[in-house]
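Once you scroll down, you'll see the structures, which are given as structure tokens.
The following pair of complexes shares a single chain, chain A, combined with chain B in the former and chain C in the latter.
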Partner chain A sequence: MANHSQLGFQDASSPIMEELVEFHDHALMVALTICSLVLYLLTLMLMEKLSSNTVDAQEVELIWTILPAIVLILLALPSLQILYMMDEIDEPDLTLKAIGHQWYWSYEYTDFKDLSFDSYMIPTTDLPLGHFRLLEVDHRVVIPMESPIRMIITADDVLHSWAVPTLGVKTDAIPGRLNQTSFTTTRPGIFYGQCSEICGANHSFMPIVVESTPLTYFENWSSLISS
Partner chain B sequence: MAEDIEAKLKRYKTAPFDSRFPNQNQTKNCWQNYLDFHRCQKAMAAKGADATPCQWYYRVYKSLCPTSWVTTWDEYREEGIFPGKI
Partner chain C sequence: MRRLLARRMKFHLFGAFLVSLGCAAIYKFGVAEPRKRAYAEFYRNYDPMKDFEAMRRAGVFESAPPK
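So, the complex of A and B:
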């Protein structure tokens, strides 16, 4: 989850998010370089240190056309690489359905048995000491770690959106439509997210909590919760 | 062929990638498998043949389709108002 006054991304917990964080660092460095250059030139101009009596500037025109084109290519190539990486076909180990309701999520694991449960936010009045306000839920989405997971996201009533920033996942939940997304968690842990599409009065109070554990614990949990 | 399908069913983990539905919108995938299962069942019952191969479609639609959708469609089929052709 985000710490207070956090500006940057949360630490990545999936390979795609790791790539996105690196790309963002790269893109921001490009932006910083260009802004610094512009600021420097602006300062020079304001101090009247930039003067020129050139009328024919073919060479410099060429440079400041080619260089931006190169910069754009340097941005586009990693961006497209990640885009295609996100579309890679990775046979999933598990299919999980997340259904948005007003104002809670319900999850279904129906590959083998009919396992389903609702996930409501824990109200602040019932929150144990030290737990995260407006983020904790009564039933977490338990998944096996380091396994490709396919998520099918939909909604029962209005638009919602299933988002977990640390996994790099945000997918709209649309009534009557099944949206597919996939991820692999790189480590065990508890990952928080919040509904990301305005859905009424309690839109801010239907969080998502994903619990990534080793396979044995996942199997243990799934056999216990369905009984 | 019957052994193949049984081996496939035994190895079933979850709905595999279906190249007919390569994109984000998997609605048709769920719908098609639901239809295919019931059509397969109906056809096998009409021929008096073994309906085990139909189980593949069952497992796939079970994995993909929300339970509420399946319940609704089952009710529609019973009432005779199911919109698909089975």
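So, the complex of A and C:
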């Protein structure tokens, strides 16, 4: 989860998120280059060091057409690479369905056991000491770590969105449509997210908690919970 | 005063590109590369089971309660 006053991304817990963080650094560097150039030129103009009554400027017009085109290519190439990487769904070990409701998520593990449960936010009045306000849920999504997981996301009533920032996942839950996404957690832990599409009065109060554990613990948990 | 504007513009445009590329270099070597190194360092000797056991002992997992 994010700390108070955090500006940057949360630490990445999936390979795709690591790529996205790196791409963001690249894009921010390009933006900083352009902004510093504009600021420098603006300062010069305000100090009246640069003025011109030129009427013909073919060379500079060529420069400020070619250069932005190069900048756009520098941005587009890694962006498209990551976009296609995100669409690769390479033999997932587990398929999991997430269904958005007003105002909770329900999850179905129907690969090998008929396992499904609802996941409601724990109200602040019932929150144990040391737990995170507005982020904890009664039933977490437990998944095996370091395994490719396929998520099928939909909604029962209105638009919702299943998002977990540290995994680099945000997928809209649309009634009547199945959206697919996938991720692999690189380490064990608890990963928090929140509904990311306005869905009514309690939109801010339907969080997502993903618990990534070794396979044996995941299997024990799934046997316990389905019985 | 001859060709003053042309000289000044050439100097300052060159300066502007230097400043902007300098900012990019500062960001790349001050933020981006250290971040990449930090991730590489973290995962170089990372033991997920050791990390998991430490978290389990702390009681954070629902599916893996502490013994």
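The rule we apply is simple: the second predicted complex is superposed on the first by the 217 of 227 C-alpha atoms of A that agree within 3 Å, B and C clash if a C-alpha of one lies under 4 Å from a C-alpha of the other, contacts with A are read in each partner's own complex, and residues count from 1 in each chain.
The criterion applied here is as follows: a residue touches a chain if its C-beta (ideal position, glycine included) is under 8 Å from a C-beta of that chain, and two chains touch if they have at least 3 such contacts.
Owing to the predicted nature of the structure, the values given are computational and were not obtained by experimental measurement.
Chemist: In the overlay, answer first, second, both or neither for which of chain B and chain C A:33 touches.
Modeler: In the superposed model, A:33 contacts chain C only, not chain B.
Chemist: Would you check which partner chain A:140 touches, where first means chain B only, second means chain C only, and both and neither mean what they say?
Modeler: second
Chemist: Is A:116 contacted by the first partner chain B, the second partner chain C, both or neither?
Modeler: Only chain B is touched by A:116; chain C is not.
Chemist: Figure out whether A:102 sits in contact with chain B (first) or chain C (second), or with both, or with neither.
Modeler: neither
Chemist: For A:79 in the superposed arrangement: first (chain B), second (chain C), both or neither?
Modeler: Touch partners of A:79: none, neither chain B nor chain C.
Chemist: Applying the document's definition of touch, where does A:180 land relative to chain B and chain C: first, second, both, or neither?
Modeler: first
Chemist: Compare chain B and chain C by how many residues of chain A each one touches, and report the one with more.
Modeler: C
Chemist: I'd like to know which partner A:218 touches here: chain B for first, chain C for second, both or neither.
Modeler: Once the two structures are laid over each other on A, A:218 reaches chain C alone.
Chemist: Within their complex, state which residues of chain A touch chain C.
Modeler: Chain A reaches chain C through residues 12, 18, 21-22, 25-26, 28-30, 32-34, 36-37, 40-41, 44, 49-52, 140, 142, 145-146, 186-190, 211, 213-214, 217-218, 220-221.
Chemist: Which bits of chain A are touching chain B when the two form their complex?
Modeler: 89, 91-95, 97, 99, 108, 110-111, 114, 116, 150, 152, 154, 156, 171, 176-181
Chemist: Which part of chain B faces chain A closely enough to touch in the complex?
Modeler: Residues 12-17, 22-27, 29-30, 59, 62-68 of chain B touch chain A in their complex.
Chemist: Provide the residue numbers of chain C that touch chain A in the complex, in ascending order.
Modeler: Going by the criterion above, the answer is residues 5, 8-9, 12, 15-17, 19-21, 23-24, 27-28, 31-32, 35-36, 39, 43, 46, 48-49, 51-52, 55, 60-64.
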